[in-house]
Structures are given as C-alpha cells and as structure tokens.
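Each chain carries a letter (A, B and C) given by its place in the written order, and its residues are counted from 1.
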C-alpha cells in the first residue's frame, strides 16, 4: 500500500529526512514515535503530497505521489493539529464544501453519517468558530473520513484534547482500523499508540531507527526500547 | 558575406572565454580593457559636433544599459533552471545577477539624467527606455527585498518566480510606456540635433566600452557567486554542527 | 481507438472536476465573504477615501479634475485591490486552511482560478458602487460610454486580479507581507495601469472602442501572458 524508498528532504540548508525506507501493507496501523524535530511531521506531509521529497520515491497504492498526486489525494485522509476548517461556516457547510471538492455523490446522507460517527449532529448548523477545541478536532476527523479514504494520516491527533475527547477519538480510530483502513499515526501518547497500532517505528533525526511489531509490547518495555534508540 | 574581422572575433571568442576561466587572466584582461576604454572615450573618440563633450556619457550610459538587460535576462534563465533542477548553484547565479543588475540599473538611472540635463534642459524627460529602466529598478529591488524577507525554504523559489515574471514583463512595459510617451510632450532640445550617427571611431570606442562592461559584469558575477556558495556551505555546516552538539 | 476514447473521457472528466472544484471554492469564498463582509467593506471604503482625498488634493478646477478622473479611479482600484488581497491573506493566515484545500484539489491551478475570480467579483462590486459616486463628484457622464467602460473595466480588473492573486500568495510567506505585497504588485501592474487609464480617459472624452483598440490589445496581451505564466508556476508556489 505504502512504499517509501530513500526519501530525503531538504528545507534550504536543513535536512529534515535523511533517507527513509518504509513499507506498509494494506489495513495495517503504524505508529511513528520520536522526539520533536525527528521529522515525523515532514514525513506525514510528504505522504500527504503537501511537500515534495528532494530525493527518493513515494508510492501510495501503486501511484507515484510526486507525479500522480491527483490520483493519490482522493485516497488520503489527513488529520493534523491544525483543523483545516473554516470558522465562518457551519459544520455542515464545511463538510459540504469538502464533499463537493471530492465530488461525492449522495453528499447529504454521507455528511449526516460522519456527523453521527463523531457525535456532532446537534451542532451541525452552528458556526465552527463557536466550537471548543475538542469539537473542532472531532469535526476535523469527520472531514478526514468524509471521502472514504484508504490511507489515514494522523499527525499527533490527541494534542490539546481533554480526556473525554481523547478516549472518543481513540475509539473512532480503533473502529476505522477494524474497517481495514490503513493508518499511519504519529503521537507522543505511548499508551494509546501501542493500543491501536499493529506496528511501531521510532524516528530520530530524520531516520527510522527501529521498526517492529507492537503485539505484546507494554508501555514500560516500549519506554526502555525508546530510550535505547533515542539518545 | 560578413566582414573578415567579425569572423575573426567570433573565432577568437571561444579560446578567450576558456582563458578567462582563470581568475588572474580575467582580472588582468578586464583592467586592461577598462583602461583602454577610458582612454578611447576621452582621447580617441571624436567630440560630437552637436552635443559637445557631454555626449561621451553615452558610452557609459548605453553600455550600462546593455549589461543591465543582459543581467536581468540571466536572472530569468537562472530562475527557470532553478525551478527545473532545484540546484543551489542556479539560485546563486540568479541572486548574483540580480544584485549586479540592480547596480548597473542604478548607474543607468544616474547617467541618464546627467546626460539629459545639458541636452534637454530637464533632469528627467520620461524617455521610454529610461522609464522602462525605472520600472525594472522597482521590480528587481522588490526581488532583492523578497529574498531578504521570505522564510528560508521557499525563498529561492518565490524569488525565481519573480525573476521570470520581471523579465517577461519587459516587452509589455516597453510597449505600454511607448504608447504613453506619445502623449507626453517632448521637452525642448536646448542643443540642436541629437546624435548625428556614429562614425567608425565612435563605433569602435562603443564596442570596446561594451566589452569592458561585460568583462566587469562577469568578474563581479563570479566573485558574488563564490560568496553565495560559500555562505550556503557555511549554513549547511552550521546545521550539521548544531545537530551533533544537540545529539 | 478505445485508448483514444479513454483519454478523451479522462480529459473531459478532468475538466469537469476542475470546473466543479473551482465552483466549490468560489462558492465557499463568497459564502464566507457574505457572512463577514469584511473584504468588500474595506475595499469600498478605501476606494471612496482615495477618490475624495484626490479630489481635495487636486483642487476645485472642474476641468482639471475631469482630465485626471480616470487616473484617480484606477489608482483607487489598484490600492483597493492591494487592501482586499491583504485582508484575504490575513484571514487565511489566521485559519491556515490552505493545506486542507490543497489536500482536496485535483489540479492545483483550480485554487488560483477560484481566488482570481473571487477577487474580480469583489473589484466588480467596488466599481459598481464607486463609479456613480465618481460620476457625481467629477461631473462625468459615465452612462454615455457605458459599453466601452464595461469592456475596459472587465479586462483591467482581470489583469489586476491575476497579478494580485499571485503576489498575494507569495507575500503570505514573507515576514513583512503588508510591505511586500504593494512592492511586488504595483510595479508589475504598471503597463496595465497605463493602458487602462488611457483607455478610460479617451472613452470619457467621447472616443469609441475602435479608437482605443491598441490599449485593449495591450491589456488583453498582459492578461493572457500573465494568466499562462501563473498557471505554469503555480504548483511551485503552493508546494514545499
């Protein structure tokens, strides 16, 4: 599903990624952990076609992300700590806009469906700028899954949410994973990350330094592993 | 059938360019040509009958103008190559050519009024080419400011876009300024005539002047490019050291 | 044969998607603007202010004011354009919603076309509101040459929108964007301003469209050249 080979990214004089090789099968959930500045956000942005790699190839579902971006983008759902929502429109109008952009059919039904999934139906016709941070993040998830994406990219999705919202989001991610959606998630929340992910990777200073299965790893073991690989 | 000396010049150009790759040779030839040019302008070239000694500014004014246009053309080419290849080297060429181009542009804007004042009686006569130069000065100064003000990753790319736009705008600006100029009354000539055509002595002086200015341009360009490259290499090293220290 | 028809279908559906996305973006921008009315209000008020201040600066000579009227109108439009673009940029920076749109775009130039059309519409509304006021203050009968004026204003505003949208997006990424936008926009749009002012002035003086044909050609060429140029480089602006 996802193949990265030798991906290098320069931002002027800074090198954010120094040769990433990554393979991910369909339906798998990968958790990417690492310190700040490791390049996790850059990696996700390159996967989302928001940035172009300076070298190397990125293939998603068989398409080259750099050259065939327009085939790749409808397959992706992206959730970041920025919500990508329009404050002066209602939740319904925001989803309607994205639905039209993706050319979805039976848009009204789909919007109601995703709003129910994130439990925002009662607030559907309120302006987004009146929402709390947790509600905005839930709407952002609704936006991300609106167009039935095959690959979900989550960049620190739990940031800034209270406990209630975090557990709700977590349940939703587990649900999506059960529906064979491929997920790549970068997070600092070790407990929840290990809970939902099949495989884990540790990224440090632009390289993936560890890659393995998460089955059976508990939090203490993982913390030891993490300290070993990240100096 | 082209004259024998144009063929000779063309043939000799290639080994000459090859020899100029050597910095010492380049500097020497440049200094010699500059001195020869100055001597030709003031001693050899005949004083123009109508305009008097003021006409001699023409040699420096037009040479600067030609160099300026070539510099901006180079910025456009380097910008296109940068967008295509994303190599720092092309970015350095674009930046250096733009800086030197602005310098020559300023020279044109200074020598122009100095020439116009005795001839036309006013400092600025909204002559189409001079107006074009003024607009280009504004555009390329904005180019340099854009480079200073943009955040690092996109700096070169946005500057490249402006570099291309600036040069493509030239014929459009030229055409519009000419049309606009036809409405503006020409200032009265204080001295009659204008240039009565270039004699062969003047032509020779002019060509040597242009040659000298081009040699100067290329010398400044190579020095500026090497500074830009060194600065870039320094930044890269600095980041690497930062990373090692943090780790 | 089937490969040709496949690529034909692909091309057709590409244009259909393009149109659909441009319309969706435009609808969203206009809906937001209708709710807040920030951009239009600031543009209109600023344009009127410029016209009034120029009026006072030039003095009470009606003949003189009549002669410079066309220049004053186009200066007011240029500056209002800059202001509108700055407000758009500011709103976008606050919401950072550009990335979300980029994720949904099939062909990225749809974003440019939609922004440009939105800017043109704002300018159009400003012109419709400002021109009657100018007619009253400058004592010019615009109705007599309304046909020609429509053509000149349409072409001119198209050019201002194209160049403005491009530099608006570039200036967003700079530190001193309030300064950079006019610095980039105004010199590059000088040929457009020259031709538009002359064409408008001659129309007011009673000339016909045929007389101002070469100005219209100049504006037209400016529009086409810049439109094509921006479409070619737009990908480089929005991607990292």
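Annotations for the structure displayed:
Operating definition for what follows: contacts are C-beta pairs under 8 Å (C-beta built on N, C-alpha and C of every residue); 3 or more make two chains touch, one makes a residue touch a chain.
All figures in this text were calculated on a predicted structure; none of them were measured in a lab.
If you draw each protein chain as a dot and join the dots that touch, every dot ends up joined to every other dot. Set side by side, A-B and A-C show the greater C-beta contact count at A-C. Taking each chain's centre as the average of its CA atoms, chain B and chain C sit 33 Å apart. Between chain A and chain B the centroid-to-centroid distance comes to 51 Å (mean Cα coordinates, whole Å).
The distance from the centre of chain A to the centre of chain C, each centre being the mean of the chain's C-alpha atoms, comes to 37 Å.
With touch defined as above, residues shared between interfaces to two or more other chains in chain C number as follows: 240. The multi-chain contact residues of chain B, meaning those touching 2 or more other chains, are 153. The set of chain A residues touching two or more other chains comprises 11. Residues 11-15, 54, 205, 231 of chain A are the ones touching chain B in the complex. On chain B, the positions that touch chain C within their shared complex are 83, 135, 138-139, 142, 145-146, 149-151, 153-154, 157-158, 160-162, 164-166, 168-169, 172-173, 175-177, 179-180, 183. The touching residues of chain C, when paired with chain A in their complex, are 17, 20-21, 23-25, 27-28, 31-32, 35-36, 95-97, 99-107, 239-240. Against chain B, in their complex, chain C makes its touches with residues 166, 170, 173-176, 179-180, 183-184, 186-188, 190-192, 194-195, 198, 214-215, 218, 221-222, 225-226, 229, 233, 236-237, 240.
By the touch criterion stated above, chain B contacts chain A in their complex at residues 86, 152-153, 155-156, 232, 235-236, 238-239, 243, 247.
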